């Protein structure tokens, strides 16, 4: 049965609204560019975008004018340079961008609290740093046992979280391997969840190996099948990271005109991900993953 | 460049590698720290355990990773865990013995700034921010700072404390209740700085053919040198051979041959 | 290389001492009876034993006089009856036994705090119950954001945790599938960790599927290879739960003399697990798991 | 026993099954609740999602589990997660629509005791304790209590509140900030109790051929009956056939044929 399966256009139109707080997670791995491009294409506005590492995906959404606030902990182009659209917004207010800044641990703790539906999360962090001086949301609590003071961050409960994954069934039971980052916490913390997968599989495949499931279908609202939907990020077992594009981005994003040209050509100028891929004929040859299949385990009893 | 010549980057990688003991658990980043760990593993510390904040534990990549989330760090790792476990069960738990840090600014007390140059609200230069650096600086049993003596990189006081050193505006590490010992060495491209009893960074070793004055001229506070000032032993021929021919043959992180 | 591999006798002698706080976890699955029997055999005393579900393993240790305090949340013989040695201790003080009682969520939270090395863990729980009235360790904290009051439990940081697992390498990199319970949290919370496995495997097997690893070797002190070491509990993919023995225990434990007879015959009267198994010739025929092997996944890139 | 006769246990399983709506997420225990869920799945609620506190989600066991940690609940499940996730991400998160509870004592307000008969410090009978019951009673959107009207099982006040009902010593659920609605039905072997506006349990339905007096005589407070008192529809032939021939052929939980 079709279950929750829909197109990216339908998923974004139905679940991502102007003014929403949106999490597009994935730590280097499984960053859903396909969803970000559709959000840009549908011209969403005033989004509060949350990511530990904003990455190119945030640089593109900021340049496209979708984002009014960024909740983050590390905003760079790893190994390749800066996110220049992000920097222009912060350094020159073009466009204006509010920041809600933490460290990675603080962001992870915000999502953990959100997933557990606790109002805050305690952590031993931030002493001696200036981060709490510029972020009043970082507070403290006294331990009822030791009396010591611990830092706290507030729960992050987004309106919608977009998770890219290797595979899911039609009801959204989702399996991921390789780096899992904070995808589970972000999804459980969210009011709505869109899962984007490389492969739609039968429920039988999920039930074969239940320890691989990171999201149960009962928290998932939409399932979008979008092979190569994470490019230029990667999907372990499917395709490698397009490091060349990450290096190219340094040059593209440095020049606003070039960046706008990129958005015109690769986002606004095309209808969907299929068109994006059709313009990258060498992608499969360059980046398709080698086979490195592990052995299965026995669930018998 | 012959193997009895070497670049500053090569000396930095070797100096950092020498700080790692066999079997230690190292929270490692990309670039020179990654090279230093691989050099140590290839020489005196084969049982070093590398942990990346991405969740890869015990990685043995078959290529030099461009990012800490590289798939080569995952395939063949001993464990992959979520980031909540990385920060709570490994770092906050006290399992990390060595953390590597770097930054645009390092000050007199070893405080590091990777957030902004200028005012936070409207910075002259917006840097990436903390990532995991703030908590690594707080929790790792000891940290190694790897940073070049570029102009304005070593001010008396950083514009913003992202990662605390030995003494921040709030007080000393002990007063602030930080578990780790902080930056025990700052490895630059000309020599090595270490904290004195007060936590102020002083020059303890220069690299071969470097004068104290060359370092002091690039530091924003009246730099003192420990007496007697040591000279760092040069890389061995083996170090150089490993770095150039095995660990970074494309010189992605060693930079152009000096 | 042998790494941390040793016999059960050596592991218990070296790592479990009189007066220690000991966690033997495993929720129905992977309960390490082999370790409990060796602790009894070595006549450890004044242990603080921690388990969500004390199960038969605690009933036996209490009857043998090893335990002075029990930290727990559900003390029964699921589907089969009572833990009568536990009941005699509590109802008639024979032998005396101090209780530190929570709900499952409270125990999980205590271990989560221990694993994170936080002094406490907040949870929305216990309002309206009498549990905090009999346990002063359950306290409350005020949220620094909403002002609401949340229950708290203190961290549980045992001296030693014993984890039974399907497989590990010689350095203690440990993989588990099926029910994982709170094994990971208990191990990270502990000063020392003993891993007991059905199979010792080469590091290569672990590295093939790193997402299956629940404990890294760097927190493990000893690795004991003890096939069928969880019997009458079970190991998914290796052997089924011995439900008949759980039913028999109701009769054995009801009568102190029979229970002592059981301990004499099956624990004190034999040197090790090998002897225990040699007395159960039909075990393999009755309980060996069927094959239900899942497919592997691709870690290539 | 022909299919137009039925045992109290069979009636209880059927009555509980009728309370479950298709697609709901149910936190389920062993015994009659498990039977009720499987009966509902086999009839009007094929898409019921069963979650066990052991961490098995969406289990479809090929045998009747003796414990909630049975390996048959794991093999073929949709997901297996750690217990920290069960209690934090599912239960405390508010994802559980129905929770099943049972107990040695159920009182006037639906409070349940599974801890001790007598004084906690030196009990007459020591019971297993809470397990997950306390938090299920607090967080599940609604709970169903399944308990037989044995002597002293329904006192005016329980000796110990393990799982809170509609009104405990501290006040009402709302006053105490409990997210869930509490026990909306108490399914006994003679009829069904429901809370009135004040939270006091009153008899709303009796099973066929049961008189109000037979229930009141077994309850430790002046039991009131809702007017008009309903009579529970008997199990259908299909219900009986499924229970006896498919779901519990060995009568592990249905007990001896009445």
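Each chain carries a letter (A, B, C and D) given by its place in the written order, and its residues are counted from 1.
The definition used in the following text is that contacts are C-beta pairs under 8 Å (C-beta built on N, C-alpha and C of every residue); 3 or more make two chains touch, one makes a residue touch a chain.
Please read these numbers as outputs of a predicted model, since none were measured by experiment.
Counting hops only between chains that touch, chain A reaches chain C in a minimum of 1.
Annotation: 41 Å between the Cα-based centres of chain B and chain C.
Note: centroid distance chain B to chain D, computed from Cα atoms, is 59 Å. Averaging C-alpha coordinates per chain places the centre of chain A 29 Å away from that of chain B. Shared contact sites, meaning residues of chain D that touch two or more other chains, fall at 56, 71, 74-75, 80-81, 88, 92. Residues of chain C in contact with at least two other chains: 117-118, 123-124, 148, 177-178, 180, 184, 211, 234, 236, 240-241, 292, 299-301.
Those chain pairs judged to touch are A-B, A-C, A-D, B-C, C-D. By the touch criterion stated above, chain B contacts chain C in their complex at residues 25, 49, 56-58, 60, 71-72, 74-81, 85, 88-89, 92-95.
The residues of chain C lying in touch with chain B in their complex are 115-118, 173, 184, 188, 203, 206-207, 210-211, 213, 216-219, 299-301. Chain B contributes residues 30-31, 53-56, 66-71, 74-75, 80-84, 87-88, 91-92, 111, 115, 120-126, 128-135, 137-139, 160-164, 168-171, 173, 176-179 to its touches with chain A in the complex.
Across the interface of their complex, chain C is touched by residues 117-120, 122-124, 139-146, 148, 150, 152, 154, 166, 177-178, 180, 205, 208-209, 211-212, 234, 236-241, 289-301 of chain A.
Contact residues on chain C toward chain D in their complex (touch as defined above): 27-29, 52-53, 72-76, 78-80, 82, 86-87, 90-91, 93, 101-105, 108-109, 112, 123-131, 134, 148, 177-182, 184-185, 234, 236, 240-241, 243, 246, 292.
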